[in-house]
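Paired with subunit B in one complex and with subunit C in the other, subunit A is shared by the two complexes that follow.
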Partner chain A sequence: MKSSKMKYQDLTHILSPKSVAVIGASENPAKVGHAIMQNYVDVGFQGQIYPVNITAVDKIMGYKSFKSILDIKKPVDLAVISIPAEFVPSTIEQCGKAGVKGIVVVSSGFAEVGNQKLEDQLIAAAKKTKIPIIGPNCLGVMDSRGRNDTLFLPTFKIDRPKVGSVSFASQSGSVGSSILDLVSGEGLGLSKFISYGNASVVDEVDVLNYLAHDKDTKVILYYLEGVKHGKEFIEVAKTATMRKPVVVLKGGVTSAGAGAAHSHTASLAGSSEAYEAVFRQYGFTIGNDLDDLLNFGKIFDTQPLTNGNRIGVLTNGGGHGVLATDAIYLNGLQLGAMSKESQTALRKTMPPIVNIRMPLDMSGEATAKSYEDALTVLASDPGIDAFMVIALFQTPGADEKLVQSLINFSNTKKKPLVVVCTGGSYTKSHATILESAGIPVYESPTTAARSLMALISYSRYRNKVEA
Partner chain B sequence: MLLIFLFVERREFMLQLMEYSKANQLLKKYGIRSVDSAYVSSAKEAAKFSNKKPIVLKAISGKALHKSKSGLIQINLGSEKEITDAYDLLVKRAQKFKPFKIQAQKMVKNGIEIIIGGRVDQQFGKLILIGLGGIYVETFRDFALRVCPITRFDARSMLSQLKSRKVIAPDKGAEIMIESLLLKVSDMLITNDINELDLNPLILHDGTYDAVDIRILK
Partner chain C sequence: MKSSKMKYQDLTHILSPKSVAVIGASENPAKVGHAIMQNYVDVGFQGQIYPVNITAVDKIMGYKSFKSILDIKKPVDLAVISIPAEFVPSTIEQCGKAGVKGIVVVSSGFAEVGNQKLEDQLIAAAKKTKIPIIGPNCLGVMDSRGRNDTLFLPTFKIDRPKVGSVSFASQSGSVGSSILDLVSGEGLGLSKFISYGNASVVDEVDVLNYLAHDKDTKVILYYLEGVKHGKEFIEVAKTATMRKPVVVLKGGVTSAGAGAAHSHTASLAGSSEAYEAVFRQYGFTIGNDLDDLLNFGKIFDTQPLTNGNRIGVLTNGGGHGVLATDAIYLNGLQLGAMSKESQTALRKTMPPIVNIRMPLDMSGEATAKSYEDALTVLASDPGIDAFMVIALFQTPGADEKLVQSLINFSNTKKKPLVVVCTGGSYTKSHATILESAGIPVYESPTTAARSLMALISYSRYRNKVEA
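Presenting the complex of A and B:
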């Protein structure tokens, strides 16, 4: 076991600063410090911006510039440092003197390239100044509400997601930036983004702790390669997962060093199994890839929790009903059972060709009204815990009215609802509207079933209900 | 590469197999059932231990980690002749694992063989494991793992995670018994200096269980 952490670092000033100094800001578009400055201007940061560059004269990108952080002489909440690595430790010390409350070190050239000495100097400077530091070798942070954005990725190259309540954390910058792009595409709204690189000062425990207590974060998506402080991670995890869902994707699952086992136990349970055990035990939702993070993220973001696993399936295509049934049972769910009352009520509203049974196949003739009638009846059926609604927009009866009916039902938030839409551009345009209205849409019944199971498993953990 | 090698070597050197009778006593202290056993120094003693009921003879040595693979276990020995032949055979086979002792054990009825184990993870500390045991351990790799100490909820969720759940715990009674057993093992793991533990096989039979083989590495 590694040495224990004394307390968790406060990231408030890093994520929600009122004033930012960009150290290494430059007029030269080839410099990272230029992109960072440009982004602060582009995303419309509302606080004070102070460009700092040792060679600065007059203004940088229209802002009054400073040769040193010490010259600003006004409160600075966050310093974003993007200068050659060798100058970083001394710059941190200057930040300490200037009363800076948080730092993001974007620069690379530390332990990740084997320069442990410089990394140690950075850590020593952090200890001396007591400033929380994210990085080095990272993308840094984003807060879509406060329009705080230290990313050096130009806004034209990577979409910035809309404001929302899903937060994403990652050691890796590349996984971080690709997920940002994907999140925008999925219609998920972002709260906070944290890419913390070498984790030299602020590490996974601090990040999880911060996001767990952040009131603007409803769901945490976490790409994790490793944990440095196992016991503390568990302590923070216990609190975090009782407050909100945490979906974790663990990179590097192939375990090393399992060769020297003396017992069956040790040969079965290596390091990667230990991570999985921790995730299970303390209520994380385990994702296998980036798609899982997004798929689970959107159901957690929008749908109410339920312990029950009986799924009501409505469809306008028989084959999809069969596929949905398979996916449901393969993922530990079951088909909902309709009450006698529901059956009688549905028999009255459905055309004679519709068999009143689960999955409820309303045929290709189904219209918005058919779906509306079925959902209204089944919403109060005690035998159904959640809905998987299959809406195939290729059929004559499915159009924008169906979209509206589904949105109306979803807004009642009575029971979790996911929609499966498989198809091309016409389908996708309708799916996009559903998603912007807060309905998770999936392309296949399998993904929909996996996501429902993630929701239910988490709910059972929260309520300590065993399957 | 060399560093890793040295580390592994050193670790191997540091881990010590707890003497069987001590390990057995430790289990008893935590109320964990294990099969009756005794060290014997002759075939005669073994026959006396058997008291006309079938026994198992094992050669125990810190150098032989896989007793069954090394042919150091002889089972279902009823008659005095069977016991004597088996005793002599084991002594002969165990020569290359000196020093060794011969252990006699009451034969446990057939049942479901499971494994309950533990180990120390560098990052998260002591872990507890349950799985389908005996010869199926490596083949099916059907096991559940948790960090100690575990709660009853954890114990239950470990069982429900197993594909072999219905085989291992077919009814409520078996479920509760195994949950309690897991809690006892978790308690033993955290309150003792144990690096690795194997109770494998632990045989479930007649509504109860017996740990048949115990391996504790300090």
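Presenting the complex of A and C:
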């Protein structure tokens, strides 16, 4: 990690602009500027839209168009630039004169293809105008509340997530867009998305700092290949992880991977041990792959923190109870211990074939009422800190009533709850309803246990630092 | 692992019967015997169906019904028994007199609820009649070719997979049915399914032996909580893994998990180290969770074996190239090395911005032709043993033509191929087509690398033992 960095760049106007100029907007569908403009129209951006094109005709997509940013003569918060790279630095200078407050440079053709001189000119223009600039060579940003969306990938190819509290930052456009595309299928709602490409001006420190202070962001997911400004990154990280969970997936953790990362975003990867040590010390949650980002994101987004690692497991399938027990101990958790009172109460409600022990295997005969009864008893048991509820919808007694029972329990917010559902289309349709109601659902006990451990580890970090 | 066992039980008539008697068949939808009978009718079983019920009316579901198995007076290959537990041993004896060749006892109420005496009577009846018996307390079997299906779970709750070459055995009904339910979503085709419950007569040795010799089974997936007959299991395992890959997921690998397994199926789990050592020594592929069963199953089902671990990575997203490189090295694989000839040929076909190195990042501009060109060149490169192709369908150039190009390459069967697709509905629809064409698709580079390593490790085992 190198240093040092000037002051933090403010991204407010880039993420939440009241007016946007699309520089390079075009009626020609082959142009990136067309896709960006189309997107602003399609997603229903709630502010002013000004297409800018040097060969502008009267209107572009029905919006009055301008030959230059200087011709608009009205306040422009954000300029999205998609024009040939060579014209970008001078266009930034014009943006400065026009009073633009933030820029996203989508255009590529800078340092990433070896054109360091042009990149330096862009950086010089940024310094001169003092405008925060994301990019170049990036997908840009998305704010699901304000419907600000600079992505130029075809809209039919990427599912847009619902409005929510999880923000996602990615140095890589491909990882960014594919995760964004996955998010909606996982029941996660998005607050902000930031893909910052070459990071010539706005970099990982600014992005983390912005998301740490963004009131609409409850959880930060971050794909990172390297850190340029180590000292500042640590400073910002300390603040960020005291405010909210930050899940980080680091690309380039092997030496070959680091080589690939250097070729990709010119990241100086540094030793993976050094990164991991820093990440752990400052309370980041470390993901090992793409799945972890989403799986950990779900639990942080919806469940209360807890320091305790004693997990109450309810199941309607014995095999899943065995697998859950293995997963719990392999991930540093333990099975909850039921009090005498709980055991007595459960013995009264459960049929004789049910053994009153953890995991509580209520058999394939279990119904919504079985789960309700067990959760009611165990919710106040001091020996249980969180629940892993296995609901296998293949059995006759598991149906939409069970879904409702789990939602009712979840709404009491008594203890963290995750649900494991393994199965096909019938199962998935019920899992979707659970996730819509804010319950994280996992396909295997392993993923559920990993996610619970992430929640607990972060909770313990917060407590330690606050103490 | 205890010993010892008599001779192996032959499961041929249980899996592939020409005629079935459903003992306990009923018009009453609340009865398990109703669900079983209904299922035989619904799935289109291709042999004779005889409903048997002691209070039989003339017909059940349109089929002539019988008061006793002895009244049928025609050959019965398989009897599926779903009646109160206490009547099961005497019914087995009647099956013996009627010349029945195999039995599935679905009924529960035996050792699993502490009724060892009744279980002993069942075993005694099996010995007396010499009929192979699966169960009691089990879901039973499915043969997708012969449409023999004893499952009594509601059909709308479990997706039935297409006919294929993967067989799945499970001691646990819940793991069995939920995995079965997942299988079809993963593009896998099923040959046989066997869930054998208490394993009182037919046990894990018989099941593995049967599947090892079944010509319609190319890959065996196995969920196992314990082994009763260690010596025989090893004997059969040696044969099985020389014939086909066997992926095993062991429940109860932690001491707490073993405790849960003992409570569940009365399995004597043994030390997990001992199991793992035996599994590795005899060429099993060890899965760590439910996902591994399916992920490894897919690659074994479709891809040729290879001893080499040098992976050619093509991508249209740089970040995924970095993650793939990490995953490759973290899983004991390495990046393929391109020959000078390949590099020269690629330099001619790839645009200047593409670096000719591994991973080959063809950028977000890549099209079907880019992938085709690269695969054509690298297919015969001696420095590459297998391919991990990353196809991110969010980019404009990735579409149904790319799907077709990958299928065309896959059909040449030159080298093992796995594809990574990360994304939402547009991506998933293309991934489904790839899987239907026999290409294993994974959502993350990590899973793809783990699955490639499983293929290569098994290949090396086969080579070592054959040498």
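The rule we apply is simple: the second predicted complex is superposed on the first by the 445 of 467 C-alpha atoms of A that agree within 3 Å, B and C clash if a C-alpha of one lies under 4 Å from a C-alpha of the other, contacts with A are read in each partner's own complex, and residues count from 1 in each chain.
As a working rule, a residue touches a chain if its C-beta (ideal position, glycine included) is under 8 Å from a C-beta of that chain, and two chains touch if they have at least 3 such contacts.
Values in this document were obtained by computation on a predicted structure and should not be read as measured data.
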item: Touching partner for A:Lys464 - first (subunit B), second (subunit C), both, neither; value: first
item: Residues of subunit A touched, compared between subunit B and subunit C (which is higher); value: C
item: Touching partner for A:His264 - first (subunit B), second (subunit C), both, neither; value: both
item: Which superposed partner A:Met242 touches (first subunit B, second subunit C, both, neither); value: neither
item: Contacts of A:Leu70 with subunit B and subunit C, given as first, second, both or neither; value: neither
item: Touched partner set for A:Gly230, first subunit B, second subunit C, both or neither; value: first
item: First (subunit B), second (subunit C), both or neither touched by A:Ala124; value: neither
item: Touched partner set for A:Arg357, first subunit B, second subunit C, both or neither; value: second
item: Touching partner for A:Ala277 - first (subunit B), second (subunit C), both, neither; value: first
item: Touching both subunit C and subunit B, counted on subunit A across the two superposed complexes; value: 257, 259-260, 263-265
item: Partner subunit B, residues of subunit A touching it in the complex; value: 1-2, 227, 230-231, 234, 257, 259-260, 262-269, 271, 273-274, 276-278, 280-281, 464, 466-467
item: Partner subunit A, residues of subunit B touching it in the complex; value: 4, 8, 11-12, 15, 65, 115, 117-119, 121-125, 127, 129, 131, 137-138, 141, 143-147, 150, 153-154, 156-157, 160-161, 196-198, 200, 215, 217
item: Of all residues in subunit C, those that touch subunit A in their complex; value: 113, 153-154, 156-159, 170-179, 181-182, 184-185, 223, 225, 249, 251-257, 259-261, 263-265, 288-291, 315-323, 325-330, 334-335, 353, 355, 357, 359, 361, 364, 392-396, 422-427, 443-447
